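Below are two complexes that have subunit A in common, paired first with subunit B and then with subunit C.
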Partner chain A sequence: MAGVIRAVGRARARGEGRARPGGTIAYLFVLPAALVFALFYLWPALNTVLSSFFTWSILAPWQLADPATWQFAGLGNYVEVLTDGRFWNAAFNTAIWLVLFPIIATVLSLAIAIGIWEISRGARALRTVFVLPMTVSLTAAGVLWVLVFNPDFGVLPAALGVFGLDGANIDIGPLHLRLSEWLSNPGTLELGFATVNLVNLSAIMPAVWALTGFGVISFTAGLTAISPELIEAARLDGANRFQIARHVVVPQLRGAMVIVAVVFVIYALRTFDVVWVTTQGGPGTDSEVVAILLWREALAFFDSPSAGQATAIAVLLSAVMVIGAYPYLRSLLREAPE
Partner chain B sequence: MARGTSALPSWKALPAILLLVITACTGGGEASPGADGGANGESDAPTESGDGGGLSGSVTVVHAWAGAEGEAFQSVVDGFTEANPDVQVELRQVPFDDLNSQVIQQFAAGTPPDVVSTLPGLIHSLAAQDLLMPLDDVWDGWVESGEYSEAFRTIASHEGTAYGVFFKGNINGLIWHRNDVMEELAIAATEGWDDFIAMLDEIQADGTYDPFAVGAADVWVPTQWSDTFLAKTAGAEVFNGLIDGSVAWDDPAVVEAYTELRDFIQGYWPDDALDVGFTDANCAWASQGEAAFQNQGAFVNLTTPANCGEDLDPESDYTFFEMPAPNDEFSDVHFVSGDLFSVAKDTDNPDAAKAFAAYLGSADAQAVWAELGGFIAPNATTDPSVYPTENDRKAAELFTSGTAVYDLDDAIGGEIQSVEREQLAALIASGDVDAFIQAMVEVDERVRGE
Partner chain C sequence: MSGLRRSIGGVWWIYLLLVLFSILWLVPVMTVLMTAFRPLSEIRDGWWNLAGATFTLDNFVGAWSEAELGSKAINSAIITGFSVAATVTVGALASYAFVRLRFTGRGLLYFLLISTMIVPVQIILIPLLPWFRTLGFADGTWQPFLGMVLVHTAFGLGWAVFMMGSFMAGVPRELTEAGQIDGAGHWGIFSRIILPLALPGIVSFAIIDFVFVWNDLLLGLTLLDADHAPLTVGIANLQSAHLAQQDVISAGALLAILPPLALFVALNRYYVRGLFSGGVK
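On to the complex of A and B.
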């Protein structure tokens, strides 16, 4: 095996085995995948971008092949979206997701992964426990947490009730927390320039519960790749457990962390399902995120010609996601063979 | 969104999202509003049930009833298939809250069901795009024979053409109460607003029960309250003016009605109303002894035993009185609603679909559900003796008495309906009437123009 690897290495060094640039066969191999990509990814994306420059509704759709359906709006849909307070409210709620969800889920999954890595017995069973929620769809996770929050028979109010905390009001500086009405009015956090409705946190919790397992798996994979000699060397140098975790383990997990964080950021940006089943973006628009606004503009507001605004939101959201995914894309491209 | 999509590499996630968006927003380019599928409502379909009529094939029907109501609707459908054994009726149930959006997507994608449960607002939107089959010939016979009045036909019409049939009527603003609880609290049904408020204060002071159980997590529940307050505070003219756009949302009478509602919510609703759904609230009142009253429609007569315990007996265990009017002048204004059905213009089976819709509007079909309870037959020739309980008979009488106004948000539909529902939730949470009115003025201007 080692001989084979050495031979391949020598061949690479000589430049053998690489596809010749412009080789027809190579292009033919790529063609089926390229066609699928063009048809099912590129064309819909292009169609979305084009449709965002027209005024249309879901019942009177814009169609590229039918000029009779063209009602050109230019950048009107973008102007309408960007000057709409509702969009900025949704963008703010999405920003809450963007900040809280990746941080909570990444830190939690890292802590769990390291904790499990540290123990010698029952690690596999524990890991399974934390990964298991990943097998539940986010919609189901949301429904489950609606039951957890239920004021009459929910686990959370019951648990708080044991300590006499169900319905308690907690005011700590800018934080006004109500330990009740989890899906409608659990309180606010005053930031000075804006108010964070904590109902967003109630929608984030099911997503953290369901997706932390992904982080645990990723970090566990990273942890198994850490050389035991490194840990041993740190220990011999007198580092305690926390110092080892802080100065040896975490830096070694930087690659896994980027992947986990980017995946969580992408999810936070496009989150829809779990918010829909828990709060439907409410009460009012207190927890409405951009993806829900997009859906409403296209489908709930079906008598209004606002589908163009929905696609404008989709384009803006995609642009932000591409920017958010840039570190991951860059690392992928860096790793790709030339 | 699909489970675990967050685990996809980000470069794959982006086009997947765009694909989702394009599918949702353009219907894959297959939408064909106005296309002539050859089923333009000109069929000679038999419109009475029972003759067989040589009908065959399948008919897909989208409706929103689940549980006991779903079973009752199945019984109605069975009546049609028994009379037309060569027709297969395939029922597809969707949650009521999602009915509009799902139906819209199906029509936009060019794959609508043959027959679909509709509300007046949805009929306007679909008929405006020429997606529904005209049903005027069916209505001509009904109006002539006295089965329906012109008023019903108008509600089911768009620009003078009927596109829907009435199937199920409902009267709302009914204060449901348990007889044993009334006895325990030594209170009785009342007709005057002041007496009603005094009774609620008494219940609150007693502390054994909450005045009301409210399941406002379901978006249609708060509209049950707001429409009742609007009808009985501002009257039918203002109510109907909001529907047709002739009255503005910042009209003083409208503001007064919603202020009255806000004060009532803050005074007598449970704090966690937005965290509880209809079914839980239904049982909190009916079987769990948490609340003295529930403000709901007549259908509760059927759903209560099914949801909360088969041993609950309509009439002997629970009954209702109509909510008194905050404004005495409008005490005879009743807030009613109803479920309609429409036929897709491009249905593959126009004869059977139209015959099925006509069957649903007939007294025969409506009697099937009426016999099971929790149902008001809008067809005037339905035999009143079919109603199984006094509760049902009382509700049916109220349905045809006084001045009726039809469910506001269902009548308007679309963006205004969607925004009203979400703003009502915000009003419940914040108590800010001004914010509610401003949001409604803005959406009204956006949809109807200034």
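On to the complex of A and C.
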């Protein structure tokens, strides 16, 4: 955290050389933003942190100004959450997202971007196909994929049926794949210490479909910045297509790769929408991620006194996010206007 | 331009793979179009059977009125329109202050605003519900909309200041100094020099904010009752009801997809430029 403050300090030090002392007028420009931000972001955020140390429900909320509502729990909510099997189940499902979603989406978008970059005719049309789903809400993307998985008229079961694979059971070592019931029980992968419910993949698919476009756009921007001379030189040295892609092109995309990966990781950590419309976290809690569990703890039953645990989860989730994305946060602050 | 193409020949298999993938990518789109525009009874054996296919708008009528997605679409339009307008206005003013003025708390406020680009919305979500009740935003005709607009504004400000600020910082200092010499105050410089020149950046931000607010599910689901809920919530509720209403849901999903898509197609240049300025929300 000190590093971030220092980065801000530097940005400000740079800024002070150029920005003019604003006097009262500066506050008039910034006042509306500060007011809205304080009332509808900082205040609720402060409430989240403080109320995570109390026992309360949505119907009888903890209030800073009203000591009658203070049912102090100390670290009780955190202990409760961290010793709850359901939390660790959700954390594990979120971890599945964290591993699979960024890898699948990054590799796919990198391959697609390089592929499109290598061709001439139809490049623009092809790129549009992959970029357009970015404007689709994850809610709608989930709805679309539920239709694709539909046992009666979904394309996936029908396509598998052509090969006689619809409903087939495939067991390869620890992998137990059932090519049916995509939204409830498509099988498991035994890791020894834990079991991966493959139903999580059914929720990850729509997110990959919707967000790959962001990677394609970012990698395309990186690719257009590579100088043709560099590739020509590699070619003259006798490098083939794959060697050029692997040793010349991909290293040049480092910057784009970092941004794409960070954005995908952030998305994976807080995923809610697409799980909500595809599996609702089910069956049971098989695909319940942290954001879904948090919502249910606080809001499934308004009179349930577990809102404090929900805010404790929110604090934990935010802490993981800030620590994990700390380098990215610093890079954002380094671009501070001067 | 294309890099390897000119140097090494034989790209047919790249085309093949790309076309295969784009077909995969278009499958959900074709599915939703066919399910939305054809009677459900006709597609039971697969929407790809086009023999004797009939196309109808009945599903849209059903979605709009019977499933009450029409009123939800209007709610979405109200929430999104006012949220984008408020975020752009408040955010542009603040961006100018961050870029061109010095004031106490500048670094701290900037740090807090930028942090919201990373901290998940869950950090404010739960206390907002009692907070809405305290402020009188929990029920009423327009009050829940106002509350929602203010939350979206607060949540969008970090992004607003980051994006519009970077565009405003790109306005040459000579221009604003010329304005100063001509006797323009901060308001004059902001409204007559900075705003017109940073307009592409402001439009980029407005589009991204529009897509973000229109597509929000979590805030709407948590904070708004059925009378004020946006389209995304309506669709999600239909979806989880587990009734065989795929036709109506498909029509509703298309309704939800169209406005951001139209905006994207019309203003593609601005949208892509906006995305380059630092990731997606």
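The rule we apply is simple: the second predicted complex is superposed on the first by the 286 of 338 C-alpha atoms of A that agree within 3 Å, B and C clash if a C-alpha of one lies under 4 Å from a C-alpha of the other, contacts with A are read in each partner's own complex, and residues count from 1 in each chain.
Methods note: a residue touches a chain if its C-beta (ideal position, glycine included) is under 8 Å from a C-beta of that chain, and two chains touch if they have at least 3 such contacts.
Note that the structure is predicted; figures quoted are calculated from it, not measured.
S.K.: Taking the superposition on A as described, I'd like to know which of subunit B and subunit C A:321 touches: first, second, both or neither.
M.R.: both
S.K.: Report the partner of subunit A that touches more of its residues: subunit B or subunit C.
M.R.: Counting contacted residues of subunit A, the larger count belongs to C.
S.K.: Kindly classify A:48 by the partners it touches after superposition: subunit B alone (first), subunit C alone (second), both, or neither?
M.R.: After superposing on A, A:48 lies in contact with both subunit B and subunit C.
S.K.: Using the superposition on chain A described above, determine whether A:150 touches subunit B (first), subunit C (second), both, or neither.
M.R.: Touch status of A:150: both partners.
S.K.: Where does A:158 make contact in the superposed view: on subunit B (first), on subunit C (second), on both, or on neither?
M.R.: second
S.K.: Should A:247 be classified as contacting the first partner (subunit B), the second (subunit C), both, or neither?
M.R.: neither
S.K.: In the superposed arrangement, which partner chain does A:283 touch: subunit B (first), subunit C (second), both, or neither?
M.R.: first
S.K.: For A:126, select first, second, both or neither according to whether it touches subunit B, subunit C, the two together, or no partner.
M.R.: Only subunit C is touched by A:126; subunit B is not.
S.K.: Should A:36 be classified as contacting the first partner (subunit B), the second (subunit C), both, or neither?
M.R.: second
S.K.: With both complexes overlaid on chain A, does A:295 touch subunit B (first), subunit C (second), both or neither?
M.R.: Touch partners of A:295: subunit B and subunit C.
S.K.: Find the residues of subunit A that appear in the contact set with subunit B and again in the contact set with subunit C.
M.R.: 37, 40-42, 44-45, 47-48, 51, 58, 61, 63, 134, 136-139, 150, 152, 211, 214, 262-263, 266-267, 270, 272-273, 280, 294-295, 298-299, 307, 310-311, 314, 317-318, 321-322, 325, 328-329, 332
S.K.: Which of the residues in subunit C come into contact with subunit A in the complex?
M.R.: 1-5, 7-8, 11, 14-15, 17-19, 21-22, 25-29, 31-32, 35, 43-48, 86, 89-91, 93-103, 106-131, 150-151, 153-155, 157, 161-162, 165-166, 168-169, 173, 185-187, 190, 211, 214-218, 221-222, 232, 235-236, 239-240, 246, 249-250, 252-253, 256-257, 260-261, 263-264, 272, 275-276, 278-280
S.K.: Which stretch or stretches of subunit A touch subunit B in the complex?
M.R.: Within the complex, subunit A touches subunit B at residues 37, 40-42, 44-45, 47-48, 51, 58-65, 134, 136-139, 149-152, 180-185, 211, 214, 262-264, 266-267, 270, 272-273, 280-286, 294-296, 298-304, 306-307, 310-311, 314, 317-318, 321-322, 324-325, 328-329, 332.
S.K.: Would you tell me which residues of subunit A are touching subunit C in their complex?
M.R.: 4-5, 8-9, 11-12, 15-16, 18-22, 25-27, 29-30, 32-34, 36-37, 39-45, 47-48, 51, 58, 61, 63, 112, 115-120, 122-123, 126, 129-130, 132-148, 150, 152-155, 158, 206, 209, 211, 214, 217-218, 221, 223-224, 226, 228, 231-232, 235, 240-241, 244-245, 249, 259, 262-263, 266-267, 269-270, 272-273, 276-277, 280, 291, 294-295, 298-299, 307, 310-311, 313-315, 317-318, 321-322, 325, 328-329, 332-333, 335-338
S.K.: Which positions of subunit B touch subunit A when the two form their complex?
M.R.: Interface residues on the subunit B side: 1-11, 13-19, 21-27, 29, 31, 33, 100-101, 104-105, 107-108, 121, 124-126, 128-129, 131, 217, 219, 271-272, 274-276, 280, 284, 288, 413-415, 418, 422-423, 425-430, 446-447.
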